[in-house]
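These are the structures, in structure tokens.
Below are two complexes that have subunit A in common, paired first with subunit B and then with subunit C.
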Partner chain A sequence: MTDATESIKEPRTATVSWYEFATRHRASIVAAVILVFPLVMPFTALAVNILIYGLYALGFNLVFGYLGLLSFGHAALFGTGAYLCGIAIVHFGWPWYAAIAAGVAGGLLMALLIGVLAIRTRGIYFAMVTMALSQCVYYLFYQAVDLTGGENGLRGINVRTIDLFGLRIDFINPMIRYYVIAAFVIAAFFVMSRILASPFGAVIEAVRENETRARASGYDVTKTRLLTFVLSGGFCGLAGALQALHLSIVPIEILHYETSGLVVMIALLGGMGTFFGPMIGAAVFLVLENVVSVWTVHWQLIVGAIFIACVLFFPAGIWGTLIARSRR
Partner chain B sequence: MSAAEGQSKEIILRTRGVGKTFGKFVALNNISAEFSRGAITSIIGPNGAGKSTYFNLLCGAFPPTKGSVEFEGKDVTGLPQHRFAHMGIAKSFQITSVFPQLTTRENIRVGLQALVSRYDIWRPRARLTELVERADELLALVGLWESRERAAKTLAHGEQRALEIGMALASQPRLLLLDEPTAGMSPEETRTMMDLIVKLAKERTVILVEHKMKLVLGISDRILVLHHGELLAEGTPQEVRQNEAVKRVYLGQREH
Partner chain C sequence: MAGLSFDLIALQLFAGLALGAIYVLFAIGLSLIFGMLTVVNFAHGAFYMVGAYVGLYLISIGGNFWICLVAVPILIGLFGLAVERVLIRPLYGRGIDYPLLLTFGLSYVMVECVRIAFGKTGYPFDTPEVLQGAVNIGVGYFPLYRLFVIGATAVVLLALWLFLEKTSFGLIIRAGARDPQIVRVLGVDVSRVWLIVFGIGTAIAGFAGLLAAPLQGVIPEMGGTILAEAFVVTVVGGMGSIGGAVLAGLLVGVVVSMTSLFAPEMAKVSIFALMAIVLIVRPQGFFGRAGLMS
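Then we have the complex of A and B:
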């Protein structure tokens, strides 16, 4: 059996083997890159932003790329994670780790709520329903001024030190902050890799490939979709919670539909349905934004043009195009 | 074969007065029929006779408007489609329906996995080695071993039809429902497929929907003829061939 498989692979070119190597060790590669990442970035805060948006896009990509549903309401999952983490610290004085757990739980729960209502719709209807529901969430948090600070955002998430088994870590130091957040992001990438390699990971892709056949094979398509959406919410909730800790404030804009649109752009830019795509997309997008906004206030025009060029000429995204090239 | 078709044979599937209407259109009207375990039963009829509608009621793609479907003595009317695979009923689609971007082997492996693991998000699926072994057995059975590493969308039409059968077999069905398995096939591919169906029928019950009467006369134990949504005739191939009503329906219509 194994011998037969090996002999099939032999005639392939060397370029494929780097791809196979990258796939096999995908989570470790992400971890290694993340560990040296701040050394090549102009400043650490940008690197932290990339980590957080990369994680947000990773969660989004599970639904968008692997399950094949375009959600336009992921801001609600990201934002709920951020708010719940912030509220836990500001109003309830929870320790940092419990606040992060609250953020993840918030993302999971919000995804369950939105998912139950939206998951039976398809295509453009799914995008519209998720967008409408996330707008509801926006107004909910906007109105709950006592808890969320409303228009002004939730302020005062001051985590100066982090206690880790008696060790006091200075969270103000940008480099240390980066590595604390990186630890969570790396863990999330390992979990995602595990999910994708699990039996359920195969079901997710089967449902994307052919819903009718998946059903005939004996899979409950609705349940599979819902569980995937909820898992995605967990990752986005974690990203939101880390964002709250990083910014020390949760701006109401985090729930705005622009945040939902941003993650679609990042995923498309990096390569939908690929493991490295979301992180690459986040890095390219945020670095571009940073570099271009130094030259001109009209940076959105230029970044937008680059984005359109990418979608037109590299529809598979940066990483997706690389994979396709190597297989040719 | 008809001698083996005794009255004492166990009934695996039964429909009682099933009908299906789409809006005002009556696609199927009051069909009662019994299917014997271990037999090959073919459902034939001209275009628009209601064959596919009847097939879809049998495999649970949609529920009947009236009447009931019974499988192994249990009422299965209106159960969701995904439950049918777990009960032991599998179907192949008339229009090829596979997972196009997955490899041929993965297509079958995913089909097999449905019986073992559906919501496990943690253990690596690479550890479910017995699924790959069984997938390889099925690939050999339907003649796709050579193409196992290719993406399903790159297979030739006949190969995709064979994969379709392989995927239906993956859920280890006691009842195999095939919707025009030879649709669009070359004569050569058709012969291979018919041989395969006869082989498969040795171990399980097969119900076959077919447009071309000539194809199924030789291999069927029993034939149902549908016409305008009604059950026109039922019997052994000889009985059906000599049936006056059937002759009238098929008269003047070129047999393929």
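Then we have the complex of A and C:
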């Protein structure tokens, strides 16, 4: 990219290096943006939602964007994380950090269960099988009324204060709540950046680009897919756990397939297979939803139409289109 | 367990076949479209739902059920043609995920439009008078309408089979499913064939929605549930295989109906368990071709 002939031909080297700078410090940039974000956002509740759905989309994007498998069952991973975190607090009285760990573990485990079955299929089957299995998870949680509250959702996840090394942090205060959740989300972005920069991250993309060649190079494609799916489950489980703490209830709709569809829309809108895409997608999507739902109750119509337009005209998403422009 | 006589089980089996008939119709359209266009139509449930609502509307303006049986598939099929031509056609050759994503967005739009036109709450859908009541089928009394659903499905299947196997256009469709490139080389306008197949598939979905309406009423969300269950049917039967869709659809219907007799709380979960078993034992499904997905 940066050799002499390229820079002579390219009058817009400045934008290219801007892009390279962004790639090199991607996690730090996300952290910086997240830290100043509530200062420019008028509604803290919306800002928290953007953080959580951004994290959810980050986990989803690992499978969709980097591994190249379209999953329509991520609601099961997100929802299991939320439910396990909630159940740990409501039924077992676990402290908040253990409950979050339970949520992450739930996401990992559910991803393992779904992954083992779904990875056996190929291509477009994957979307159908993950969707069907997540629907199965929906019914299971729906029927386990004693643990999950069934149709009413799991209520009473009240975390008022967060105790950290003798400090008592007020979790009710919206701003403090935002920064507590932001700490987890930022940590997750750093972990994701590390995974993608590792040799394993390169294998993930190799499997997406050319499965046969990755196999011929000696990589176990099936195991790579399964491990990536499970890792994605961990991120989504964390997002679910934070959602449970934030809402203090877990509605059953969290497992509905529209929650799976939502993250597909967010990831595609932001730019699949890009590091910043999920956060940008979540911000744009949720702000749009907020604005449109003030104006009409039929926001799904507008959102659906915008999504169709995205698929037809901007399949690279917002960030993907920006990158393509800057490279041109 | 004294009530579980042979007759009761046999009746439940028939109820399962009637439920399965709806799955068969739904999954056949899905399979036909996938087999030809390699498009997974996520809006298939929405077409099914719109079919039921169009029937509701036609009856409310003075039509009857029999007119609906003809008019609904035609109207939904025409709508399907327009969708293929305007929205899906630009996406051919752009990767298999894009039509799926587009139809997913389309299902949002269709569901919301129906909510705007008919409201968010559901409606009951009266069984036509001639088909009310029950009839003795040897093992006990069975609702006449359910028998009609089984019969109507059989007629549609027979017509489809005759169309695919005995007409020259059916020959082109079968050839196009096997190798579209060769068919194109032979001078057939494949995109026109794809257009028509999409129309037929969605027409059958609308027909299935209309048939299902008297059994369960109509609500805007009725398509979402059956879509997930139809995916189970296509996975079990083998994607793109019509015979597989028929067999698996009936099997899924019977499994649901039998588990709701013996373990009602497991009825919804049972079909996904069935899918899990099939995935472990035979990932390509009963009649799936092994290489089709790669």
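Heads up, the rule we're going with is that the second predicted complex is superposed on the first by the 316 of 328 C-alpha atoms of A that agree within 3 Å, B and C clash if a C-alpha of one lies under 4 Å from a C-alpha of the other, contacts with A are read in each partner's own complex, and residues count from 1 in each chain.
The working rule: a residue touches a chain if its C-beta (ideal position, glycine included) is under 8 Å from a C-beta of that chain, and two chains touch if they have at least 3 such contacts.
The structure presented is a predicted model; accordingly, all values stated were derived computationally and were not measured.
Once both complexes are superposed on subunit A, the partners subunit B and subunit C fit side by side without clashing.
Once the two complexes are laid over each other on the shared chain, residue contacts for A:A202 go to subunit B alone; subunit C is not touched. Shared-chain residue A:A22: touches no atom of subunit B or subunit C. In the superposed model, A:R194 makes contact with subunit B only, not with subunit C. When subunit A is checked against subunit B and against subunit C, the one touching more of its residues turns out to be C.
Using C-alpha centres, the superposed arrangement gives subunit A a vertex angle toward subunit B and subunit C of 80 degrees, stated as a multiple of 10.
In the superposed model, A:V311 makes contact with subunit C only, not with subunit B. In the superposed model, A:I162 lies in contact with neither subunit B nor subunit C. Touch criterion met: A:V264 reaches subunit C, while subunit B stays clear of it. In the superposed model, A:R120 makes contact with subunit C only, not with subunit B. Contacts of A:L112 after superposition: neither subunit B nor subunit C is touched.
Minimum Cα-Cα distance between subunit B and subunit C in the superposed model: 13 Å. Against subunit A, the residues of subunit C that register as touching in their complex are 34, 38, 40, 87, 90-91, 94, 96-98, 100-102, 104-109, 111-113, 115-116, 224, 227-229, 231-232, 234-235, 239, 265, 268-269, 272-273, 275-276, 279-280, 283, 293-294.
The part of subunit A that touches subunit B in the complex is made up of residues 1, 5, 8, 194-195, 197-203, 205-206, 209-210, 212-221, 223-224, 227, 231.
On subunit A, the positions that touch subunit C within their shared complex are 70, 117-118, 120-125, 127-129, 131-133, 135-136, 139-140, 143, 257-258, 261, 264-265, 268, 298, 300-301, 303-305, 307-308, 310-312, 315. Contact residues on subunit B toward subunit A in their complex (touch as defined above): 59, 61, 80-86, 90-91, 93, 97-102, 106, 109-111, 113-126, 128, 132-133, 136, 149, 167-168, 170-171.
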